[in-house]
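Here is the structure we will look at, set down as structure tokens.
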Amino acid sequence: MTINWRRVALSVGAPLIAIAFALLVTSLVLVSTGDPVWSNAKAVWDYGTTPRVIALTLNQGTVYYLSALAVAIGFRMNLFNIGVDGQYRLAAFAAAIVGSHLHLWKPLDILLIVLVAMAVGAAWAGIAAALKAARGVSEVISTIMLNAIAGSLVAYLLRKNAVEVAGSNNITTKSIPENGAFPGIPLIHNSTLDVYGFIVIAILAGIAYSVILGRTRFGFDLRATGRSMTAAVASGVNVRRMVVIALLASGAVAGLVGMPQLLGGDTRAYSLDFPVGLGFTGIAIALLGRNNAVGMALAALLFAFLDSSSIILDINGVSKEIVLIMQGTLVLSVVIVYEVVRRYGVVAEQRRVSRLLADEPPAAPPPSTPAEVTA
Amino acid sequence: MQAPTGVAVELHGITKRFPGVVANRDINIVVRHGQVHALVGENGAGKSTLMKILYGMQRPDEGTIQIDGREVSFHSPSDAIDAGVGMVHQHFMLADNFTVLENVVLGSEPGKAGMIDFAEARRRIMEISDSYGLDVEPDRLVETLGVGARQRVEILKVLYRGAKVLILDEPTAVLVPQEVDELFDNLRELTGEGLTVLFISHKLDEVLRVADEITVVRRGTTVATVEPKAVTARQLAELMVGSELPTPETRESTVTDVPVLAAEGVTVRDVDGRALVEDVTFTIHRGEVLGIAGVEGNGQAELVEAIMGMRPTETTGRLVLADEDLSREPTRHRREAGIGYIPEDRHRHGLLLESPLWENRILGHQSEKPNAKGVWIDRAGARADTQRIIEQYDVRTPGVDVLASSLSGGNQQKLIVGREMSGTPKVLIASHPTRGVDVGAQAAIWEHIREARRLGLAVLLISADLDELIGLSDSIKVILRGRFVADVDPAHVTPEELGAAMTGAGEERA
Amino acid sequence: MSLVGTPPPATEPEAEVSRWNWHLPRTGWPFVLLALAGLIVLMSIIRVITGADDLTSSGTIASALALSVPIGMAGLGGLWSERSGVVNIGLEGMMILGTWGAGWAGYQWGAWTGVLVGIAMGAVGGLVHAVATVTFGVDHIVSGVAINILGLGVTQYLSVIAFQGVPGAGQSQSPPTPDIQTVSIPGLSDPLLTLQNKHWFLVSDLAGIARGLLTGVSLLTVVAVLLLFVTYLVLWRTPFGLRLRACGESPTAAESLGVNVYLMKYWAVIASGAFAGLGGAFLAIVAGNGYREGQTGGRGYIGLAAMIFGNWRPGGLAAGAALFGYTDSLQLRSGDSSVHALLLLIGVPLVGYAVWAAYRQKFITAVFAVVVGAAALVWYFSTDAIPGDFTTMTPYVTTLLVLALASQRLRPPAADGLPYRRGQGG
């Protein structure tokens, strides 16, 4: 089927163009500061393909992927859940607190902790959902506000519930007992570092995302709402309910974002230095991966690879923050390229269709007088 | 009336191509000073493109434009404005949250020391308003104005820029009859002052009333220029569509006495509590087409949305479909119960433009076979059924995978009709089903509606095309300001009489 | 996409009169002055009751003013952009660029050069946003997010290159920058201080406020306040501003009258970035002592919040920035107890508002307001202090409340955030 190939070419070509552009910009920056491009790129590649760093990349990629999934659920419906950041932090904190008090059966402990995280993430997103459904408040603004509120709230609650880390300014929650540890997987040969067991959950979440959105009636309704709210309403979608469900689902998945680190890390606790900003990385990855389950996985791995392997640059005397420039440029160029390609695709197809139809012989003239029709 | 004076505008050999279509081909028009010159043609005949060319919004591929005998070349509306050409758009180009004054002066503000000279602006606006009887208040917010007043603001905008030639694109589409009369009075004042008006319309009675000369456009080219005194509406219509004039007549009655869809006291109120639709009651029987006639904006759209359950919080009243009370049911269930829906605005309500045709087949029928199996979407089923629709309804497309936006309006509409006739619908709600489609598709869609009637569906037909309404309906109700004000028998009514009923003259008769 | 609610439906003639009257008493200088006077009296009463003298002390007011400036500048940035129809959540990133530019240029070539470079870097951020949204038609939110990511990345990278190894600097901060001089109205400082320290009802409050606003003010603050008025004049009184706002209300109308919509949007978004950059420069040079990573602390977002709070108007925006700056200042100066007194200031008016809303038969709003108001009062009477974290939340919670309670009355530009392509009109 020629049409599909054309579309596939466009959708694979677009991110490649963006990546090429980002590489170009990054190279230019390096050149302008007098750093060699090729040897640094090679250093990054060599270091990035060592077993331990591959494991690191997979771990970081797991986290990024979950965050991107959370964002993408909203995106597919034209909802901008900018609030994944606040949702996962609050969720991870709550999970850490609950988890530190659990002493049941190991699988049950883990399940409960994860469920708590999902519930808290969903609840925090639920505030934005309620405001949007009841008062028409844009989720963009409300989730930005809720991010900041979550930050302060977590800081406050952490101080109230904290134990101090000896010899530092850091404060932390009590550790979750061994029971709550999500077992790692020695996936990478020769690596001392296990891969988060949570990678399995992330993959399952990706499959579920893909199947639910692409193959179910619910997914169709959600995508239809994203494509055209008015047409969805006319087709019988309860858009208000859809907004609430999508934001709750997005928040629930956002609740998972902190779990790999919380349950698979060494301290199993929420501390002041728990990672922040993953929600925004998730937005970037969802954009780069075009909300496609596989695309986002590749994008997450790319970002994670850049993050974990760039440390070598510092050792080589190049600032590793060059990666941030590359990621930023990538996001910006990717959205521009996608928009241009999308518009080009629509126009090109219109042309193609009218050309194909022009070749067809015209159909017989329609019946045009009442006599012909009814007699 | 006027002696044939000098030529104000002359378009010669204008041709404009878009990818895949020729919108205008060898257009020739001569417009004289101080006249109302009407440009008539079907939807899609290329009138709007032509006017955009004359107003500098688009550039012709071939041909010349002369204003007052001087050849001009417009690159933007500003060029046209400078040459004394102004345009009153069909959809008002007004910022609601601006005052009348701000809307009028925008782009050519009187200045003093870099600031807008509001006093001067007010003075000039009042001067124009007074001299043409436009009755405009400069400091009102536009959002507080009614439709007629907004149109006068639009005209004032054009005059304020010193236009000598005014283009009015379908100016009466949104007006109630009294407002149309006022508009025509205004136009006469304008031409009396020596201005020239180019009046675009497809409403022939209005054109015949107001124009001094009429040019007919068909399939992108000018076919004739006539004087209103020398033609009848019928002749004009035939010029518009070519020699064969399709009429949507339905002959043998298939009406039964089995009620299918009954509405009782349906009322729609907006957030301020004003009634958009008030106490509407009707029953449609098996095999019956009920037509609703009315000037646009009198509650037709709201009534349809109320029936479809798209305004749940604003609607009161009862809706019964074959003994099943749907009054409280959501849209989805109403569709499942057997209501097919051809929406007025297919781009907004009928299609996912950037989705393939087979996904559009599913739209509105997400829960029905062959689109769904339980909670799953049945892709294969939907695709196969899309192919069936394409063949049965003559949708011109290379396949089911093309995006809906790639199809022409007529083919999009045929797809929608095919979709809504799928399954076993009991009711078909057709809102302006042939708006903006080509003549061929129009005839096909009429035939499908007749077919629906033969199959025993109850059809609710809303249309602004009175011939269509009279031709297809078994009975017609006239809606005015949200209420049914008259019943009309389509067998014994002319478009003129129906038009009169729509203006409220029918209120006494009803 | 409109940021707030659904716009009111087009009004038809019948509703003309009522709608028109409804807007009248809510505008104009008399209303503003009256509200301001009422607020000062209320604050004075609360100060006397609670004994939280810092509520109106000159120190609090002065620092509130300083803290309001960056928020206000970010808000003005948002205003310029959104009035032209481009939603700008990239303000934070542009502000970060501003802080860096100011720090980098400031320590080398003086404070004012720093300010200019900060403005310029913010404007570059704006330019990028304009290219993406106007020329390429990218979704405004998406582009804004990307710019925030990029702004952070660029400054972190540049910092390492520009500051590492420079004395007094590090990889996340610039060397100290010189200060900008302050100005005072002469002869006021001491008498007003004396007056303020008497703690008389109203008189001392007025003295404190006057002293805070009129003495020891940074010149850049003066510039910022002037820019507020300049913005009003330019956007609401000049042809340029009318055209710019027309692009935000109805770009097709603007285009049909020969306005170059793309160009206007470019100017607006670049100006937006410049304002955000100025806000950043203020943070680096006046509020801080050079660039530091993370210095903006989300103030770009708070600025956006202030703009929404202010209903996309310069005056309202200033009020929002002042409110957020003031709570910040109270927190910084006297910690938890003064802010505690603010609960009264929130609770009492909210309960009053609830009564008014109930009178107007807006029951949902009334219930919501009474619940929040009562919660504030209960909180006040059951505690002695508010933790600082809650003060930090104030701007955000306030904005959410405003959105929840008054979203029907907020009036964003009609075409705000909507994609616009040239020639789509007609």
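Think of it as A, B and C in the order they're written, each chain with its own count starting at 1.
Criterion: a residue touches a chain if its C-beta (ideal position, glycine included) is under 8 Å from a C-beta of that chain, and two chains touch if they have at least 3 such contacts.
In this text the structure is predicted, and so the values were computed from the model without any measurement.
Looking at subunit A and subunit B, the chains that touch each of them are C.
Interface comparison, B-C versus A-C: the pair with the greater number of contacting C-beta pairs is A-C. Each chain gets a centre from the mean of its Cα atoms; the one farthest from the centre of subunit A is B. Computed centre separation for the pair subunit B/subunit C is 45 angstrom, with centres defined by C-alpha atoms. Each chain gets a centre from the mean of its Cα atoms; for subunit A and subunit C, those two points are 31 Å apart.
Looking at the complex, you find that subunit C touches subunit B at residues 8-16, 19-20, 23, 233, 237-239, 242-243, 245-246, 249-250, 252-259, 411, 413-414, 423, 425-426. The part of subunit C that touches subunit A in the complex is made up of residues 1-6, 87, 89, 128, 132, 136-139, 141-143, 145-154, 156-157, 159-161, 298, 301-302, 304-305, 308, 387, 389-390, 392-393, 395-397, 399-400, 403-404, 407.
Partner subunit B is touched in their complex by these residues of subunit A: 1, 3-4, 215-221, 224, 227-228, 230-231, 233-238, 346-347, 349-358, 360, 363, 365-370, 373-374.
Chain contact summary for the complex, subunit B toward subunit C: residues 48, 52, 55, 57-58, 76-78, 81, 87, 89-91, 93-98, 102-103, 105-109, 111, 114-116, 140-141, 143-147, 149, 157, 161, 169, 270-272, 274.
Residues 19-21, 244-252, 308-310, 330-336, 341, 343, 348-355, 359, 362-367, 372, 375-377, 379, 394, 396-399, 401-403, 405-408, 439-440, 443-444, 446-447, 450, 471 of subunit B touch subunit A in their complex.
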